[in-house]
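Same chain, two partners: chain A is paired with chain B first, then with chain C.
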Partner chain A sequence: INTYYLVTVLYFAKSAELTGHRSEVVPLPAATSSCQLWALLLELHPSLAALQDQVVLAVRQQYVALGDQALLLADGDEVAVVPPLSGG
Partner chain B sequence: MADEVSCLKARLLDKETELDVLKKKLAQYEKNEKPCIELIDKVTTLTPLESKPLSNEDIMRYSRQLLLPELGVRGQKNLSQSSVLVVGCGGLGCPLAQYLAAAGIGRLGLLDYDEVELSNLHRQVLHREESQGQAKALSAATAVNRLNSTVECIPYNLQLSSENALQLIQQYDIVADCSDNVPTRYLVNDACVISRKPLVSASALRMEGQLTVYNYRGGPCYRCLYPVPPPAETVTNCSDGGVLGVVPGIMGCLQALEVIKIASGQGSSCGQQLVMFDALDTRFRSIRLRPRQPECAVCGEKPSVTQLVDYEALCGSAATDKCRRLNLLSKDHRITVQEYKAVVDNASSHLLLDVRPPVEVDICRLPISLNIPLSSLQQGKGGHLQLLRESISQSKGQMSGDGPLPVYVICKQGNDSQKAVQLLEKMSTSELDEITVKDICGGLMAWSQKIDPEFPQY
Partner chain C sequence: MSSREEVGGSMEPSRDLIGLSSEPLSIERVYSSAVSPSCGAVALFIGTTREHFEGRRVIRLEYEAYEPMVKSELSAVCRDIRSRWPMVKHICIQHRLGLVPVAEASVAIAISSPHRCEAQEAVGYCINALKASAPIWKKVIKSVCVWCVWCGVVCGVWRHSRIAFE
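Let's look at the complex of A and B:
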């Protein structure tokens, strides 16, 4: 039995350009790991593959390393996809 | 009597003219006596900053910040004994240098190897119309000196490199990364880790900004966060992507805030924080970062990077935000703007395809062009492909001969047009009627430079 939660994914910089979204609501299983989260975002937006290994992922405004540990998500949680900016 | 009056009047006029000349001469001398700012083109050894008590003039000048318990006399004196190296005198570096100088920082190193251009002025607010063509480091130093002549300003007209970065950075207390390209960001990071200097780093593009203080009080370095440089083709710079001038302005001001807090002794709270500014929603978000990573290649327990490397090779791109020139096509798939001019002059049947995004087409276009953005071609957008097919068959109908229709692809500088030619080549037999596709080298900017000076550049 998998419980799904509605999570808001925020896309910044290049990821917003690639996905065409600045934010979207995505249903995620509660026990999603950060690796599964990234894989799922890639499934939704294959163009994000260009940013593989280049992004900071944050859940509830906290950095998460790519790994297998469950993120313990809840309804309304914010996930941020943050590629670096280099302009100045 | 009347004679005497007119004589006196004449003599008075003479004296007044003489007085004017003397006044002007004096003003000229006084102007030239002001210390001339000397542009430096190599790293020199600096003398340590001296500790001086606040003068009455200092007290008046800085009174409004001296009143802050968070700064006070001690903080002000700390500021005056701190040196900051500003890497890049552009959209971030200008407001940063301005506020640091205004606040009374002791020494300001201003580094940039570029010259002031008209398209810089909307965001690089220390430079002026008259400074076009002047070294940015000198232009910034001149402006800063006008604002606060008590700040020691050192303009470096040089490119930061693996050869000079350590010698330079070691002589400063704090480094601010205001650069505009990826190789420089890795170079500055590594040099700061090796020299044990805090790195106040900001960046901006379009309507977004980011800020973090790296290598500071156990926090991560740039490589802890981004161990692998991004592939060069995924990086957008300000000259391609655009930037609203006030966005780097805001980020540069935030940088100044963090530098001032570190220099005055209060300390920064951004050592383990990524601050993101979203200018569309006028919203700040802060992401809590991990501490320094033990496995980091440069600041970790067993670093593999112990000296500076070749950062242009590491990142696969040049240390500049100028456009890279792609070379994807062979010579027989390209024509010059002069050759295209001949096509137009001969009224030969052809199709001119402009693949720039609509926002750029709005700025300027060649009237006969068909506009289909590269992104639409890449995504195979049905409506746009239909439009292309119709335009091709229409142009073919006007052709006298039977051969394939020449299609010339143009963009701003001749990079996207090459990608579009590759795409159209693949479609040519399957999806589109027979055509020959070539790209116009150098794009519309070459057209403006070499054929039509009336055509705008951007």
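Let's look at the complex of A and C:
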């Protein structure tokens, strides 16, 4: 049985427009992968599919490309949806 | 006299100054926070908003950022710069957020070093690294039909950088 934690999910730029949220607290499984995390966010907000193939996540302020590598979440962690960057 | 200045300059600790602001950037302040008595050069880069994007006139740009992560990413960029160009003295990186009218500065970088080569190379590296790694997004508000009140909303597009993630 996977433990679930309350994680703050932040949405920026186009992802904020697509979801209508800038941040929300979501119960997410403690042991997961970035791919599974993205799939769960897609379930919550199907409109995020528009960002498929261009998005990365940031977990505890570290970029994580979508993939299968194990990801451990803790209570109160911060996950951000990061559309393609365009600063400068 | 000159030797005292040199000693004084080298005693001055190096600074990394990273800032995000919704106020217009002061180029003077960016410059003066990088200038150092031990340095013969301050290289400056200023990024400004263009009036055209994909063939349409731009009314303004709007920037948003994941602020704490911008600071940690740009601190890592500063560490990279210092390991590549050990002679670099001060680094100042300021990025504007919120609405930025056309022809105003959206980003300003100043880097000092004893001789110009290091500062110039480091500034070029710094703006490329910022674009590639700082979680900042610009939305381009284009003019399509000047009579339409809603155009500012409808015609805004998130600009996608051509620089891919590392």
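Note that in this section the second predicted complex is superposed on the first by the 84 of 88 C-alpha atoms of A that agree within 3 Å, B and C clash if a C-alpha of one lies under 4 Å from a C-alpha of the other, contacts with A are read in each partner's own complex, and residues count from 1 in each chain.
Definition applied: contacts are C-beta pairs under 8 Å (C-beta built on N, C-alpha and C of every residue); 3 or more make two chains touch, one makes a residue touch a chain.
Keep in mind it's a predicted model, so treat the numbers as computed, not measured.
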item	value
Touched partner set for A:Thr3, first chain B, second chain C, both or neither	neither
Those residues of chain A which chain B touches in one complex and chain C touches in the other	12-14, 17, 54, 56, 58, 61, 63, 65, 80, 82-88
Complex interface listing, chain A residues touching chain B	12-14, 17, 22, 50-51, 53-54, 56, 58, 61-63, 65, 80, 82-88
Residues of chain C touching chain A in the complex	47, 63-66, 68-70, 72, 95, 106-107, 127, 130-139, 158-161, 163, 165
Residue numbers on chain B that touch chain A, as the complex places them	88, 90-93, 177-182, 185, 202-205, 208-210, 225-228, 230-231, 234-238, 241, 243, 248, 274, 276, 278, 280, 285-290, 321
Partner chain C, residues of chain A touching it in the complex	10, 12-14, 17, 54, 56, 58, 61, 63, 65, 80, 82-88
